[in-house]
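Each remark here refers to the structure printed beneath this line.
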Amino acid sequence: MAKNNMAALLKQVADQQLSVDAAMAQLDDPGFVDLDYAKVDTDRQRRTGYPEVIYGEGKTAEQIIGIIQAMLTTKVNILVTRVSQDKADQVLQAYPDMTYRDDAQVMLWQQTALTPTTHKIAVVTAGTSDLKVAEEAALTAEAFGNVVSRVYDVGVAGIHRLFARLDVIRDAQVVIVIAGMEGALASVVGGLVDKPVIAVPTSVGYGASFGGMSALLTMLNSCASGITVVNIDNGFGAGYSASQINHLTENK
Amino acid sequence: MAKNNMAALLKQVADQQLSVDAAMAQLDDPGFVDLDYAKVDTDRQRRTGYPEVIYGEGKTAEQIIGIIQAMLTTKVNILVTRVSQDKADQVLQAYPDMTYRDDAQVMLWQQTALTPTTHKIAVVTAGTSDLKVAEEAALTAEAFGNVVSRVYDVGVAGIHRLFARLDVIRDAQVVIVIAGMEGALASVVGGLVDKPVIAVPTSVGYGASFGGMSALLTMLNSCASGITVVNIDNGFGAGYSASQINHLTENK
Amino acid sequence: MAKNNMAALLKQVADQQLSVDAAMAQLDDPGFVDLDYAKVDTDRQRRTGYPEVIYGEGKTAEQIIGIIQAMLTTKVNILVTRVSQDKADQVLQAYPDMTYRDDAQVMLWQQTALTPTTHKIAVVTAGTSDLKVAEEAALTAEAFGNVVSRVYDVGVAGIHRLFARLDVIRDAQVVIVIAGMEGALASVVGGLVDKPVIAVPTSVGYGASFGGMSALLTMLNSCASGITVVNIDNGFGAGYSASQINHLTENK
Amino acid sequence: MAKNNMAALLKQVADQQLSVDAAMAQLDDPGFVDLDYAKVDTDRQRRTGYPEVIYGEGKTAEQIIGIIQAMLTTKVNILVTRVSQDKADQVLQAYPDMTYRDDAQVMLWQQTALTPTTHKIAVVTAGTSDLKVAEEAALTAEAFGNVVSRVYDVGVAGIHRLFARLDVIRDAQVVIVIAGMEGALASVVGGLVDKPVIAVPTSVGYGASFGGMSALLTMLNSCASGITVVNIDNGFGAGYSASQINHLTENK
Amino acid sequence: MAKNNMAALLKQVADQQLSVDAAMAQLDDPGFVDLDYAKVDTDRQRRTGYPEVIYGEGKTAEQIIGIIQAMLTTKVNILVTRVSQDKADQVLQAYPDMTYRDDAQVMLWQQTALTPTTHKIAVVTAGTSDLKVAEEAALTAEAFGNVVSRVYDVGVAGIHRLFARLDVIRDAQVVIVIAGMEGALASVVGGLVDKPVIAVPTSVGYGASFGGMSALLTMLNSCASGITVVNIDNGFGAGYSASQINHLTENK
Amino acid sequence: MAKNNMAALLKQVADQQLSVDAAMAQLDDPGFVDLDYAKVDTDRQRRTGYPEVIYGEGKTAEQIIGIIQAMLTTKVNILVTRVSQDKADQVLQAYPDMTYRDDAQVMLWQQTALTPTTHKIAVVTAGTSDLKVAEEAALTAEAFGNVVSRVYDVGVAGIHRLFARLDVIRDAQVVIVIAGMEGALASVVGGLVDKPVIAVPTSVGYGASFGGMSALLTMLNSCASGITVVNIDNGFGAGYSASQINHLTENK
Amino acid sequence: MAKNNMAALLKQVADQQLSVDAAMAQLDDPGFVDLDYAKVDTDRQRRTGYPEVIYGEGKTAEQIIGIIQAMLTTKVNILVTRVSQDKADQVLQAYPDMTYRDDAQVMLWQQTALTPTTHKIAVVTAGTSDLKVAEEAALTAEAFGNVVSRVYDVGVAGIHRLFARLDVIRDAQVVIVIAGMEGALASVVGGLVDKPVIAVPTSVGYGASFGGMSALLTMLNSCASGITVVNIDNGFGAGYSASQINHLTENK
Amino acid sequence: MAKNNMAALLKQVADQQLSVDAAMAQLDDPGFVDLDYAKVDTDRQRRTGYPEVIYGEGKTAEQIIGIIQAMLTTKVNILVTRVSQDKADQVLQAYPDMTYRDDAQVMLWQQTALTPTTHKIAVVTAGTSDLKVAEEAALTAEAFGNVVSRVYDVGVAGIHRLFARLDVIRDAQVVIVIAGMEGALASVVGGLVDKPVIAVPTSVGYGASFGGMSALLTMLNSCASGITVVNIDNGFGAGYSASQINHLTENK
């Protein structure tokens, strides 16, 4: 509980407007729903500006359904990532209003309409094989109300493709660059734009790509400035951070 | 050369306002000064919003002096990172107007005054040993005109210290979290604020910290959303990206 | 054979109460049953306070059944870990008195009732996906007579959930903290309690979590004191060590 | 602030025994001294049972002196680890009552006498080269009032040396096993005692020992139960955890 | 656009032979076909001497078919690597003129006949298990018009087999050496020939071969000079580079 | 061709007992049968004392059958390792005289009876799960005529089991120690015997055992002398080397 | 000895033109000078086209002098790499005709003049810090008679610098690309030229560059075709291989 | 104590020839001298055939002198490895009869003359830089009475040097192969001899040799049979194991 809230509460108690028990109840409000197997964070929107997003991997369909149930008490938009087709089918039976995008393995329940942002987020990929991660990023950003420009398959092996789309990229307020193999695209883009670049290494590749390790190291060691990095294949994380940055100017 | 610039140029040629040779000269303007051992990027400010920053490691004092010389043609502010005391002394002899901060190994020549930002960047560290990296981040951000709040030594071993400074952190528009050892602070902060968090792993630690690898992996795998990561000990990179984000609202 | 036992034996021989052959037979008592493919350690309870626990992975159902058979000569409680449903079905046919918990892949035969401990072990997880490992730990501890408090899904992304359950955790004599991804929970708990903390990294995560490596390094490098670590996903090991510690005060 | 404390405070406010401002002051008590470069955790003893221990590496002598100064307000015993001879000399000039053990790089100020424990902690090493880490562990444990048995150089290459000292080891309530190279000693001890074993890998070795990685992996993968592990060369951490465990029975 | 082309273009504009719009159209010619999920690089043959090669892994059969469709506008030879039997069947239905070699997982459409090279490329393997990678290399080289000598299973465990085929190897202008396990063959060949050697580590092996890592390190650290290395299992890359080198003398 | 053989050959040519062509034919005898996909080393028995052993992994059943066919010209004993049940069935159809041991995945054709060795090889395992590798080692050694003592499941968690079988182990001339997890058994045995010890790490384990890496490092860093190591799970290699050593005294 | 040489030799023996002893002497000619601590390979030029190059690291000045002495019997050009200033001084005292370049740590004795090649090798670096490795490559290539174009500091953070020098690079027959940090330059160049590219990762960088590992992985995983890779910092190897390739057309 | 010894002892007690106390004293004989910082294993020669060898690294000169003192009670030959010149000087002052070889960092005190072996051990190196490790191996073997053949600098870059010395190598009963960089020599030798090969990887190399890791992996993954491996730079271990094997035929 923040300091000024606490002072207000104490004042109410001192003024006898609030009993000690009632004050304790307010202090006791846990800010989560306890499902035993999960403690759903109903306070997150207040704290971080976004409701909890459900990470679907390692959870059963029953658990996902239960967590959604707990979140329904508020009118938040519900996003579930990394949901297999199989689990999605079960969840859709419980909540037919949800949508599922199998290429990105993302479920969404847009309960409340959001105002589209005035600025854009560009999602740029090096290759065709990076699309799954790219769509996870793009759908995440869109679920939070951002307008997204997709620029796919402009890797450095044919760098003129990147230059041909540079104006689209430069038009965005935040740029997400997604690449596997050697991940060189992030450095090249970083040297050409004046906006924050979020780099996402993907596990696309073979041999010494070591499941995305190669692209990850490339991006962390970039000689270009202004690049920050998220986990391998973490399209969601990139979309989330990009949305936070993009909304800085919206919120003004 | 961007498309609309090119169209304008072609029009001037068509209108005979510009000779073919003059047009070629403009097209030929390389955007850099060639020193043989270095090609100083004089076009960077136009392209990325910031002038080139000189990375001092692996360069001789002579090379640093030469590159500064090449940059002096424009009135940009000159930042040099990772300069040892020894090299700094030589550079200061050549350019007595520069300043040197030995705790952060950073040199600065503020040739042009910058308007301070209305929003702040918070630089938060887990421990006292992270200060060198933190000051590199803070000085970089300040060199680009940002107002910086420093919150040092609030690591999770005594988490009440973090809560006691949470209002300072929440007051910033971007948060840089710097931590070595297990780097857990980034996740905790990430779960408590609604602003972008840039995490910097440091090489502070021993044994299985593997020179910062442990903190790096922690930050990449954070269960909290809204965290992006830069290279180990890369205070400069964090300060640079934070400045880019912080200026999004300034530029409006 | 311990020194005082040996002195006693020698005295019996000197007093002609024991023939040389009989003495040799006692010395020869191997302390195990030899099944060729396994040498079942029947002396372990005397030596370490606990009977041998059967590690089910890499053993056939036939081998597990044979080892249980060899252990039945004593009235010890029999615990088998990492048993797939398939193998468990075969073992249950041979010993219908055993129980199987498929979520934890643990089989148990509680032949002798144990006095419940007066103190508790808290099993704390960061997320819902850590439950399998958590239940292996909890069931192991319970199989050895400990009273267990379960506190699940209180990871640092919503740290108020942890604070809301801190009294339950502080009420325990030993705390097991189980977390995947970046594993930051162990450090936070370590800084808040005055009891030994055993940290279990789990393989929950993706990309740069490298099968639990990230959480393992986090826990080994914790800035909080009082944390020791077991192998990735080793719920059994944590439950076992916690039981040893918890029984220190029981045995008094 | 714990729940029952909070209820008491609220009651005092309701009873007009405490003004709102005075209540806020109590709530505001930060539990640390802020030195800018460090926030000294003065609340730690209450929370974890032990005062803050100063980790000397990466801190200047001035910073160490300042932190000690801040801790002197309470009469806690002050322990500083990883202090080089050079820094220790400066600290000793400021506080001549402190002692320094150069083989373990540990400084101590025993301001308050502690009751020696009734049970012992055994510190066991595989080789002579592990002594530095062993003494850090032993001195830490002794600083917290524990009685320590030292059993050095009983590695498995001559396992009869271990058996010859087994009664000393078994007499302890907690066993710390310290080994470099292949670290096999931890498993052997773990199979022979009925007390918790804390294993400390050391960086002793060469080639494929990879700075202690080999011994660390050995200990994490031990086939013996009841072993938990701390970071490479982390004698302090082992001594601290062992003290926590050893005091469980003292506190009764 | 290269400099002399640009000068010519400008001259045409100055001479009013070309309108500004027409000039912009030429400058706008992107050099690729945009399929949304892919930007097919139709300019590559001009730039690098070879048309784009389609990397089949991570692409759907539909995507492969679409990319081939886009390439058909020019009469280039179409090579697709890493195509599973399953995908190949679908592609063959669309383009019955293509051929598929299942042992090398390579598809080819030789639309234009190529002049065979006068010099040869030798493809040498250490073992029988390296054949899949070897055939990918050989077929790639042949697709580009090279004459290939195959020398299989001449690993160093029976080095006389290598010597018996040394004249065939020495007769080539470029040598590709393919080996898994410890990959020693590359060094031995490198010490015996006066032609460039391209080494391909394969993932053949087990245990500490770590998926080809062992052979890769061997080849990078070769004590013999004149060896360059490509990614693990990258037969295509070796065949491609060998073809480039082999054609240096053809083009004269 | 060895030097004295060459001198003899030259002398025959000088004496006109041998034509130049016949001499060249002898020199040309390649010492292998060329099957295109394999060059079967028919000279190996002369060179290394043992015929080629066929490594079944990565070879098709057809290839294995073909290689055996090529070896049948001499009356050598044929050993094939790492043969799956499926491939073995096909090979057995072609050569019904062969035998197959599915637990060790080994095929054998004992065409020539061998004199059993007077000394023994001991094959010692830490656990039951190491049996597959142990049998590969034991069967390999037996295929070369060695007498083998099996001592299984004597790992250090119950070290009395090892001591109880120490006389069997000490009775051998070479000792093979096979262990997964932390692999500590090798060091303990190494400190107790006066014979060469060959250590085989196995991939038995989980988490931080990293597929046998942990046991491998343990064995390489052993504090006991007289231990050499082979690749993870390489039972064949250990059996082969042990046989070489064991036959040193047989051949006298 | 090659086959036709052997046939000639045998014929001479058959014709009594050569005694058996004389033939044996020819066969015995070892092709090296034995210095005990080194066996200098005097046959290498015949075999591989280049004389032995002396690797200076790990050799004493005395050993280097001795090896040069042994090589002086033939009139080959002598190249010594990785020679510290200190050792070079001693060698120069013995052989004042040699030259030493301290920035590249290379010694050279050009005993025989070489015809300059008609084609060029381009040596391209990403940054100023890569110069040491670049000069090792360039000097090696020049020592073998190649004409070298140097293009330094054209990394992707300012990619227009690369485009400005593209014609120089395209004018070469072989391109060596040298880069540290993330090493992205190799891929970009690879996509722009139609000549073989040899990529050299350097150890320039910090943090997660892991001593050049990051750049090495980048280059091995390049999405551009036609790139082969040498060891980290191996300028010599790149210069050597480039020379081999460049001389293919010279030798015609 | 072995079984038959124990039976004899018991019989003596039964026969009253030995008091219980005297029997206990014999059983209590620890087999080591306890120096507190070290427990010198005086029983090792009986158990393993060789006296304890002192590993000098990580021990002070005082400790080494003390351990030698404790060993002097028996007339064993004393070997100390990894002794720096500095420490050696102090030890030589205490024991002037010892000898020191600075190139191998080995000290020796040959108190008892040994019969030279009838068979030889060959020590073979790939390069000149491997000599330090080679001499540690050779001197160790010689200290145990073996006759050693040295064959240095016969690496695979000039493989004819190896063939020229093959008869010397084949004449030995055990072969030690020592190589850094890619370590390919071990496989080549392994395919050419019929004796056990012990491979020693060295840390000679740079870049991706990773301190000997590359050579270690090469040797573990060798395609040749009959090769076992010791730790990186472990010349002593190889010499020791080779001596054990070589003495198998001596002891007959």
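Some notes on this structure:
Letters A, B, C, D, E, F, G and H mark the chains as written, and numbering starts fresh at 1 in each.
What we mean here is this: a residue touches a chain if its C-beta (ideal position, glycine included) is under 8 Å from a C-beta of that chain, and two chains touch if they have at least 3 such contacts.
As the structure is a prediction and not an experimental result, all values here were calculated from the model.
Number of steps on the shortest path from subunit A to subunit H, with steps defined by chain touch: 2. Taken over every residue number at the interface, the positions common to subunit B and subunit G amount to under half, indicating a different-residue contact.
More contacting C-beta pairs link the chains of C-D than the other of the two pairs C-D and F-G. Interface repeat of A-G: among D-F, D-H or B-G, the matching pair is D-F, sharing over half of the residue-numbered contact pairs. Chain centres here are Cα averages; for subunit C and subunit F they lie 39 Å apart. With centres defined as mean CA coordinates, subunit F is found 55 Å away from subunit A. Contact of a single residue of subunit F with at least two other chains is seen at positions 3, 127, 157-158, 190-192, 207-209, 213, 216, 220-221, 225, 231-232. Contact between chains, per the stated criterion, is found for A-B, A-C, A-D, A-E, A-G, B-C, B-D, B-E, B-G, C-D, C-F, C-H, D-F, D-H, E-F, E-G, E-H, F-G, F-H, G-H.
Only residues 30-32, 36-39, 41, 43-44, 52, 55, 57-59, 63, 201, 203, 211-213, 216, 231-234 of subunit G touch subunit H when the two sit together in their complex. Within the complex, the subunit G residues that touch subunit A are 126-127, 155-159, 181-184, 187-188, 190-192, 205, 207-210, 213-215, 217-225. On the subunit B side of its complex with subunit E, the touching residues are 3, 6-7, 10-11, 13-14, 16, 19-20, 23-24, 27-28. Remark: subunit C residues 127-129, 131, 152-154, 157-158, 160-161, 164, 204, 206-209 touch subunit A in the complex. Against subunit A, in their complex, subunit B makes its touches with residues 2-3, 47-50, 53, 167, 173, 191-196, 198, 216, 220-221, 225-232, 236-238, 240-241, 244-245, 248-249, 252.
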